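First the structure, which I've put down as structure tokens, then a few questions once you've had a look.
Going by the order they are written in, the chains are A, B, C and D; count residues from 1 in each one.
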Amino acid sequence: MSELMSLADAVAATVSDGDTVAMEGFTHLIPHAAGHEIIRQGRRRLTLVRMTPDIIYDQLIGMGCAEKLVFSWGGNPGVGSLHRLRDAVENGWPRPLALEEHSHGAMANAYAAGAAGLPFAVLRGYLGVDLPKVNPNIRTVTCPFTGETFAAVPALRPDTAIIHALKADRAGNVLIEGILGVQKEAVLAARRALVTVEQIVEDFGPRSPNAVILPSWTVTAVAHVPGGAHPSYASGYYKRDNAFYLAWDAIARDRDGFIAWMKANVLDKGPEAFAAHRRRLAAPAEERS
Amino acid sequence: MTLAYTATEMMTAAAARALNSRDVCFVGIDLPSAACNLARLTHAPGIKLIYESGTIETKPNVLPLSIGDGELCETALTTVSVPEMFRYWLQGGRVTVGFLGGAQIDRFANLNTIVIGAYDKPAVRLPGSGGAPEIANCCGEIFITMRQSKRSFVDRLDFITSLGHGEGGDHRARLGLKTKGPTKLITDLCVFEPDPETREMTVVSIHPGITAEQIEANTGWPVRFAANLVETPAPSDLELRVLRDLHARTKRAHGEQA
Amino acid sequence: MSELMSLADAVAATVSDGDTVAMEGFTHLIPHAAGHEIIRQGRRRLTLVRMTPDIIYDQLIGMGCAEKLVFSWGGNPGVGSLHRLRDAVENGWPRPLALEEHSHGAMANAYAAGAAGLPFAVLRGYLGVDLPKVNPNIRTVTCPFTGETFAAVPALRPDTAIIHALKADRAGNVLIEGILGVQKEAVLAARRALVTVEQIVEDFGPRSPNAVILPSWTVTAVAHVPGGAHPSYASGYYKRDNAFYLAWDAIARDRDGFIAWMKANVLDKGPEAFAAHRRRLAAPAEERS
Amino acid sequence: MTLAYTATEMMTAAAARALNSRDVCFVGIDLPSAACNLARLTHAPGIKLIYESGTIETKPNVLPLSIGDGELCETALTTVSVPEMFRYWLQGGRVTVGFLGGAQIDRFANLNTIVIGAYDKPAVRLPGSGGAPEIANCCGEIFITMRQSKRSFVDRLDFITSLGHGEGGDHRARLGLKTKGPTKLITDLCVFEPDPETREMTVVSIHPGITAEQIEANTGWPVRFAANLVETPAPSDLELRVLRDLHARTKRAHGEQA
């Protein structure tokens, strides 16, 4: 059964040095506040897993929290490169970063396999390309009926999955809505799960009988962090901070500027800072949610 | 009279014209998104747009800045999880046209979005593959949109991220693929299509005011031109008006980031 | 794009002699009206696929439409045996019925694999049991990472999938809600799909952004058949006819009684007969739908 | 005073008592459903009930007549598709207790629900396996509820539908299974548990008023009795009241079919 905790307690309870941590959210609901807390707690030697490492992992990598990245697309969406990620890969600063690189389809299938209790995922892909030459975790299986060969990748089974969701109820159940990404699979594939939420409600109330809900017994810790996805967005709560994604390019471009920004905006701040972003970018509730 | 237009508008219009109302498109952001929505708002009202964030049959009123903008979900028929998107919809063979692009392309339309230089000692580390490997394998056909330059149109890729026609000829078939692969490469200068035999990308249409010499000067391999070479029709006033209205709405919605 | 047709035209357009047909619906939304229409059109040599062949397949089998059954549980839920199914298997009446027998997990995974464009499904199951000894389509694959062995079954790729749903809109999209079963996977795995619906609406209107919807371009034909799931139920429209499930045991017990009942209630009737069942068993709209 | 009770009520109470508030149960209809809801309405209010129709954390007010009654969905936390139920929830290892039963059981709690006689020339064709093979493999442990008779408690199964302890001993472990398999067999006469070494199902508790002779007379193999044999506590007045109210509500809702 999930426990409602402060973000600091929740991260302390679920993330340790050397853990494999998957922080998911596909453009929508990226758990930035939890990423900041991991940085404040000074975690080290993490293996970071994420389909689309963007600003959240640029920050963790630039602050030296990670030793390995498992991913399928690393960039600042619509803007350009992640300078901290590139500095780590190209120059080993602040420390070398090992890469395990897949395609989106492989990552999505690997989370689904982890959630389904299988050690591997099978997919139609990787034909005629070079990734299998540089990633020994891309192998093949043969269909026992047709003899066709398919790509196989190991299931993702992170020590901890971290996601941001719209609502949790008093019982500790979590509701995800809108762009779902791989968050449900990441939580079900992980040993421990931390969920930050925009809102705690008494009860989810009237909803689709097929609403995407993570029962409290699949979640370790829930933390109430309004605005916790900023600069990503939370459908019906606040908009994506597109200006910040653009600004990040300059902030992260050189090491000193990056460190100074992280000190002022992460190390010297707490999760409550995110509430201001939510107010600033507040969106009208969506018709359909 | 005909309006003046930019090279980007020419590319966008040329890509839009290649789509029809029966298509189910796997759309990327930027130019492919503009082209697909231009088609939807002009000659292909029935076209179905899918973004990898899980939005199915989305009808955005403004262009998304990211693959997962709220606008895509709010205007979609429905939104599914990313694993379902890749399993049931892309791998399931439901997509007729996928759009791709990259930092490097070769004459067989293989693409590189991973690394310049050696993989383990990169000169430039690029973002990575995203869904390109399976998009290139699973979509009925692939349209590629890229600006031409010797830096990006290269004789040999540093890394193959997604398969075009491989080494040419029946390479895709030999790999067991039943999909067509890249059938159009639309640039700021011209349109390439694969040669029926060799599958080498061949110039079939040159944009107005562009010369064969300009195309050769911006291509890293000896360019082949089709026998029945034509001039790409310039963007029509309708295409330009609809496209510019779309960009104007997008700017109003997103401010200067658009 | 799906076409709105009469049930007779829709069945004629999607089901031919010798086809492999999957009629799904897990207790909820079983497409009984479509089953009756297949019987009226006298289809033969069908391979019938269904996780839980119950009354709907007892009728098709008893009327001689089928030569093979692919299934995982065949009975009258909560009541007992299916007498027509048993008569075909035990005595070959009205004709022999070949069985391809799986577990629920294998069938569900096989539909999902079909929807995902894979020729086989992998699951953890069938360990230490006899089904693999009598079903050559239960094989194994080995995980290329752990060396563990898993069961593999062929993907289900029916010629035609037939389901009953709550609503279709004017564009031919189909909404499924409540107990979803394997209907979405069956439709996406099949070459052709026929959907009977309780209601045709202009537009689905306000709904969850993640509502379970089959786009019109995944469906071949839609037929408007109010009550078309009877004696199964349609959430928010009418209740399950539990009395009929009990009554079926006596109706189907002997061959003559069965034939007489089928003539009076199926051969001499049309789809409009189902509307009366819906009125009789009308349920108050559900709070949450 | 203590109310009189039926053998079915004794079975149901004995099964309910084996559950607790931390359990996630994969429930079948009939007796297991009654036992799980009795537990939920008495000593295990936190128990999570899952039915294979996809309903998660359902709290039915009346017992379902089918595995997919509307009541299960209407009172559930949420309802998922059947493929997701089998993949993420059952195979994913989320279920602590699964309930099974069958037409035949052997001393190692292997079950047969497929055929009496030869598979290809059946004397009696039974319904089939349903989800039993994977339930028996994937749930943390299995509770079996069956009425005893020599016809159903047999020396040798005609067909193994779901695995219990196989040939006994470490057979499950040798097959690579980490789950416990059947830990309780609850009948109308007594409760069996597996011997720690041989894994043969052994009588550990006899229901009030039942003799060892009756048990032997209704079992198709030489019955082993535990050294520390106890008497099963009779159903309490509370258990009987709650169970009878539940059945009464069910009858009112479903009419005579209940």
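Just so we're on the same page, contacts are C-beta pairs under 8 Å (C-beta built on N, C-alpha and C of every residue); 3 or more make two chains touch, one makes a residue touch a chain.
What you see is a predicted model, and the numbers here were worked out from it, not measured in a lab.
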Shared chain contacts [chain B and chain C, defined touch]: A
A-D or A-B - the one linked by more C-beta pairs in contact: A-B
Chain C-chain D separation of Cα centroids, rounded to whole Å: 28
Centre-to-centre distance between chain D and chain B (centres being mean Cα positions), rounded to whole Å: 57
Between chain D and chain A, distance of the C-alpha-averaged centres to the nearest whole Å: 40
Residues of chain C touching at least two other chains: 112, 117-118, 123-124, 148, 178, 180, 185, 209-212, 235, 286-288
For chain B, residues contacting two or more additional chains: 73-74, 79-80, 87, 91, 138
Interchain contacts, given as pairs of chains that touch: A-B, A-C, A-D, B-C, C-D
List of chain A residues in touch with chain D within their complex: 1, 112, 115-118, 173, 185, 188, 209-213, 215, 217-218
For the chain B and chain A complex, residues of the former touching the latter: 29-30, 52-55, 65-70, 72-74, 79-83, 85-87, 90-91, 110, 114, 119-120, 122, 124-125, 127-134, 137-138, 159-163, 166, 171-172, 175-177, 254-255, 257
For the chain A and chain C complex, residues of the former touching the latter: 117-120, 122, 124, 137, 139-146, 148, 150, 152, 154, 177-178, 180, 206-212, 235, 286-289
Footprint of chain A on chain D - complex, ascending: 24, 46, 48, 56-57, 73-74, 76-80, 87-88, 91-94, 138
Residue ranges of chain A touching chain B (in the complex, touch as defined): 26-28, 51-52, 71-75, 77-78, 81, 85-86, 89-90, 101-105, 108-109, 111-112, 123-131, 134, 148-149, 178-182, 184-185, 212, 233, 235, 239-240, 242-243, 245-246, 283, 286-288
